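The chains carry the letters A, B and C, assigned in the order they are written, with residues numbered from 1 in each.
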Amino acid sequence: MTAVQKRIVINKIALTLSTLSALIALAFLFWILGVLVMKGISALNWNIFIFEGAPPGYAESGLKHALVGQAILIGMATAIGVPLGILAGTYLSEYGKNSKLAHTIRDISDIMMSAPSIVIGAFVYAVVVIPMGHFSAWAGAIALGIIMIPVILRTTDDMLQLVPGELREAAFALGAPKYKVILSVVYRGAKAGILTGVLLGIARVGGETAPLLFTSFNDNFFTTDLNAAMPSLTVTIFNYATSPYEDWQQLGWAAAFILSMFILGLNILGRVILFAGKKGK
Amino acid sequence: MIDKIFFNFTRLSALLILVIVAWIFVVLFNHSLEAMNTFGLDFITRDEWAPNLDKFGAYAAILGSIISTTLAMLLAVPIAVGVAIFLSEIAHDKIKGFFGVSVELLAAIPSVIYGMWGLFYFVPIIRDIFGGLGIGLLAAGIVLAIMILPFMAAVTRDAMNTTPDILKESAYALGGTQWDVIKDIIIPYAKAGIIGSLILALGRAIGETMAVTFVMGNVHHVPGSILDPTTSIPVTLANEFTEADSSLYFSSLFGLALTLLIMSFVVIAVAKFYFLRKARRAS
Amino acid sequence: MASIIDIKEECALHVRDFEFTYKGSSAPSLKKVTMPIARHSITALIGPSGCGKTTLLRSFNRMHDLYPGNSYGGEIEFEGRNILTPKEDLIQLRTKIGMIFQKPTAFPMSIFDNVAYGMRLQGIKNKTELNDRVEKALKDAAIWKEVSDRLKHDANGLSGGQQQRLCIARAIAVEPEVLLFDEPTSALDPISTQGIEKLVIELKERVSIIIVTHNMQQAARVSDYTGFMYLGELIELGQTEELFVTPKEKLTQEYITGKFG
C-alpha cells in the first residue's frame, strides 16, 4: 500500500468514526426527546390545567398550581433581571466601552453565566430566606433574576455594539443629549437583538430547578402569595418524578413536556426574531 | 441633568454584577466559617458525614464531583469532538443546518429532564447489565455526559469554524484528504479554542445539579466501584439543604457550596481567560 | 467571437468548451471557454471582478469539488486525459497542479514542517531527503537566507511577504507541473510584490504558471500570454505584448484603456 492509499483509508475510517459519533449523539438525544414527547403527550389532559396538586391516587389532580407558580416566578425574575441587565449592558456598550472596568464586568458576568446555579440558590437562602424566616416566591424570583442578569447584559452589550456609530453621530449632530440618543436611536436599532436576548434569558432561567429548591421551595397547592413558598414546574417535576407514585410520575412527565415545549418555543422564537431582524436590514 | 441620572443608573446596574459576585463569596464564606473553624482541613479530607453526630467531612462529596465529571468528560469529549467535526467538515449544508440547530436546541433543554430520563430509562439498563441498584457514579457520569454533549459539541464546532477556508483549501491544494486537513490544519489552528470550549463545558458539568441528583443516590461514602451510589457536592446540597437542623450542618453545606463555587470559578476562568482569549487573539 | 491565439509551443493544459455552474445557479458562470496554456511559460488572466477568472483558475485543480453541488462541462486536458471526469484522482492531480492563494496561508506549524507538509503527505519520511528538499525549495523560493537559522520556529511569525514565499516553497517542494497563482500579491506591500513577481518569472523555467491578477501592470510585467475574460467568457487570448499594445477585440481595448472595470 502506498502512502497515499494509506492516507485515503485512514481518511475513510476517521470520517466514518466522526459520522458515527454524530449518529450516536443524535440517537441518544432523540431517544430523550422521543420519550419526553411520548410520555408527555400521553399524560396530557385538561385536568392538568384545571386542578391543583393532590395527594397520590386522586383523580382530580393537576398542575395548575405549578404552571401559575412558574409563570409568577418567571415574570418576577424577568422584572428584576431584564431592566438591570439591559441597563448594565447599555453602560458597557455606550459608556464603559473598552475601559478596564467594562472589561472586568464583562469577564465576571461571563463566568457568572456558567457558574453553578445551585450556589446562587444557597446565596439567596442566606440573604433572603434566613432573614424572612421562611421560603418565598420573592427568594425564588431573586435567585432566577440574578442568573438572568449576565445573560441579558452580554446580549445587550453585543447587540448595541452592532448599531453603527454613524447612526449615533447623526443623532448627536441634531443636538440630542446622549440619553435620548440611546433611548430613541440605539435601542431602536438593536430592538430585535435585545428582544432575542430577553427571550433567551427567560428560556435560560425557565428551566432552572436547583436555585429554586431552597428559595421558593415548592407547594402542592395553588397560591399567589409572594411571601410564601411557591410551586414551580421544575421543582414539581423533581418531586413528582422521584416519588414512588405512578400518577405523580405521569404528572411529572406532563410537566416536563410542557416546560420543554415552552423553552424550545422561546429559543426558536428568539432565533426567528434575530433572523428576521437581520434580513430586514 | 437627565443625562447624568441615566448614566448613573446604567453604571450602578453594571457595578451591581460585581457587587453580587463579591457578595456571594462573602456570604458563603461567612456562613461556612463555623464549619471551617470546627473541622479545619478535615472538612475536605474526611469522609465521615454524620448529621446525627454533628460531624461533617466533605471528602466523599468532593471526590464524587470529581469522579462523575471526569467520567462524563471521558465519555463526552471524544463524541463531542466527533460531532463537531461532522458538523463543521463532513455534513452537507442542509444536514449541517438542521443538525446544528437541533444540537443547539438540545443544549437548551432543562437538565432536570435529562435527570428524569436517566432515572426512568437509563438506570434500569445499568441495573440489568451490571446488577446492583443502577444508580451511582456510572449512571451519573453517563447522564452528565449526555446532558453536556450538545453544549460541548456546539461550542467546539464554533471553535473549529474559525479556521479560515483559505487555509483549509491550501492543504487540499497540496493533495490532503479531509482527515489530513482536520488533523493537521483545523485542530492545530483552533487548538486553543477547542480546549477552551471543552474546559468551559467541564466547568458547567461540575456545577450541574439536576442531571445527577436523580441518578447518583446520596450516600456519603467513598464508593468502592463506579457502580456504587455515592454523592457529589451539588447532589448533597440539593438533597440536604432543606433538611439541615443544626447551625453546624448549615455551615457545612455552605462550605460545600463555597467549595463548588471556587472549583467551577477556577475552571471557567481558565477556559475563558487563558484558552478562549488566546483563541480570540489568534483569529 | 473570441480571438484566441494559436499556441505553437507545447501546451501544459488545454481547455475546451469548458463550462462551470455554481451550485443552485441556473446559468453557467463560465461559458464555452477554450484556451490553450503554454508549457513553461506564464499565462495571466485579467478582467473585471466577477468575470470568472478565479473560477476558471480553481477548476484546474478541481478546488470547486470541496463544495458539493457545483458542476463542470466540456473538458480540461492535462497529461493526455480529461481531468474533469469523476474518476480523476484529485489527490494526484493536486500534487501535480499546485496553488498559491490571495493571502499567505502559513499552516499552524514550523517553517520546516510547512515546506515538508506536501512531501510528507506523499509518504516521504527519510530525514535527509526531507532536509535536502526543504532546503532546495526554500532556496528556489528565495527565502532560505532569511529563515535558515529558524526553521523550527512557528511560520506565523514571518512577515506577509515571507509567508507568501514560504507558501510558494511549500508548493514547489512537491515538484508540480503547473502552479496556479490566485492574485498572490493582493495582500502584500509593493516591495514584497516585486519579490514575488521576480520569483514567479524565475519559476517558469521549471513549471507552467497561470496567474490571476486584478492588476494589469502586473500581468504586463510578468506574463508571456494574457487572457482577458468578461462575464464568464474568454474574450481574447494573446501574447501579452500584443494584447496590451494591439488588442484584437474592442472589449479588450476598452478594458485595458480603463473605460470600464
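Following the convention adopted for this analysis, a contact is a pair of C-beta atoms (placed from the backbone, for glycine too) under 8 Å apart; a residue touches a chain by one contact, two chains touch by 3 or more.
Here the structure is a predicted model, which is why all the values come from computation and not from measurement.
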{"item": "Touch-based graph of the chains, sorted into line, ring, star, complete or other", "value": "complete"}
{"item": "Furthest chain, CA centroid comparison against subunit C", "value": "A"}
{"item": "Geometric centre distance via CA averages, subunit C-subunit B, whole Å", "value": "48"}
{"item": "Distance between chain centroids, defined by C-alpha means - subunit A, subunit B (Å)", "value": "17"}
{"item": "For subunit A paired with subunit C, centre-to-centre distance based on mean C-alpha positions, whole Å", "value": "52"}
{"item": "Per-residue multi-chain contacts in subunit B, two or more chains", "value": "175, 177, 180"}
{"item": "Junction residues of subunit A, two or more chains touched", "value": "4, 7-8"}
{"item": "Touching two or more other chains - residue numbers and ranges from subunit C", "value": "91-92, 121-122"}
{"item": "Touch list for subunit B against partner subunit C, complex", "value": "92, 164, 166-177, 180, 184-185, 188-189, 191"}
{"item": "Contact footprint of subunit B on subunit C as seen in their complex", "value": "61, 63, 66, 68, 91-92, 94-95, 98-99, 101-103, 105, 107-109, 117-118, 121-122, 167, 170-171, 174"}
{"item": "In the complex with subunit C, residue positions of subunit A that touch it", "value": "2-4, 6-8"}
{"item": "Subunit C to subunit A touching residues, read off their complex", "value": "91-92, 121-124"}
{"item": "Interfacial residue positions of subunit B with respect to subunit A in the complex", "value": "2-3, 6-7, 9-18, 20-21, 23-24, 27-28, 31, 78-83, 85-87, 89-91, 99, 101-106, 108-117, 119-121, 146, 149-150, 153, 175, 177-180, 182-183, 200, 203-204, 206-210, 213-214, 234, 237-238, 241-242, 253-254, 257, 260-261, 264-265, 268-269, 272-273"}
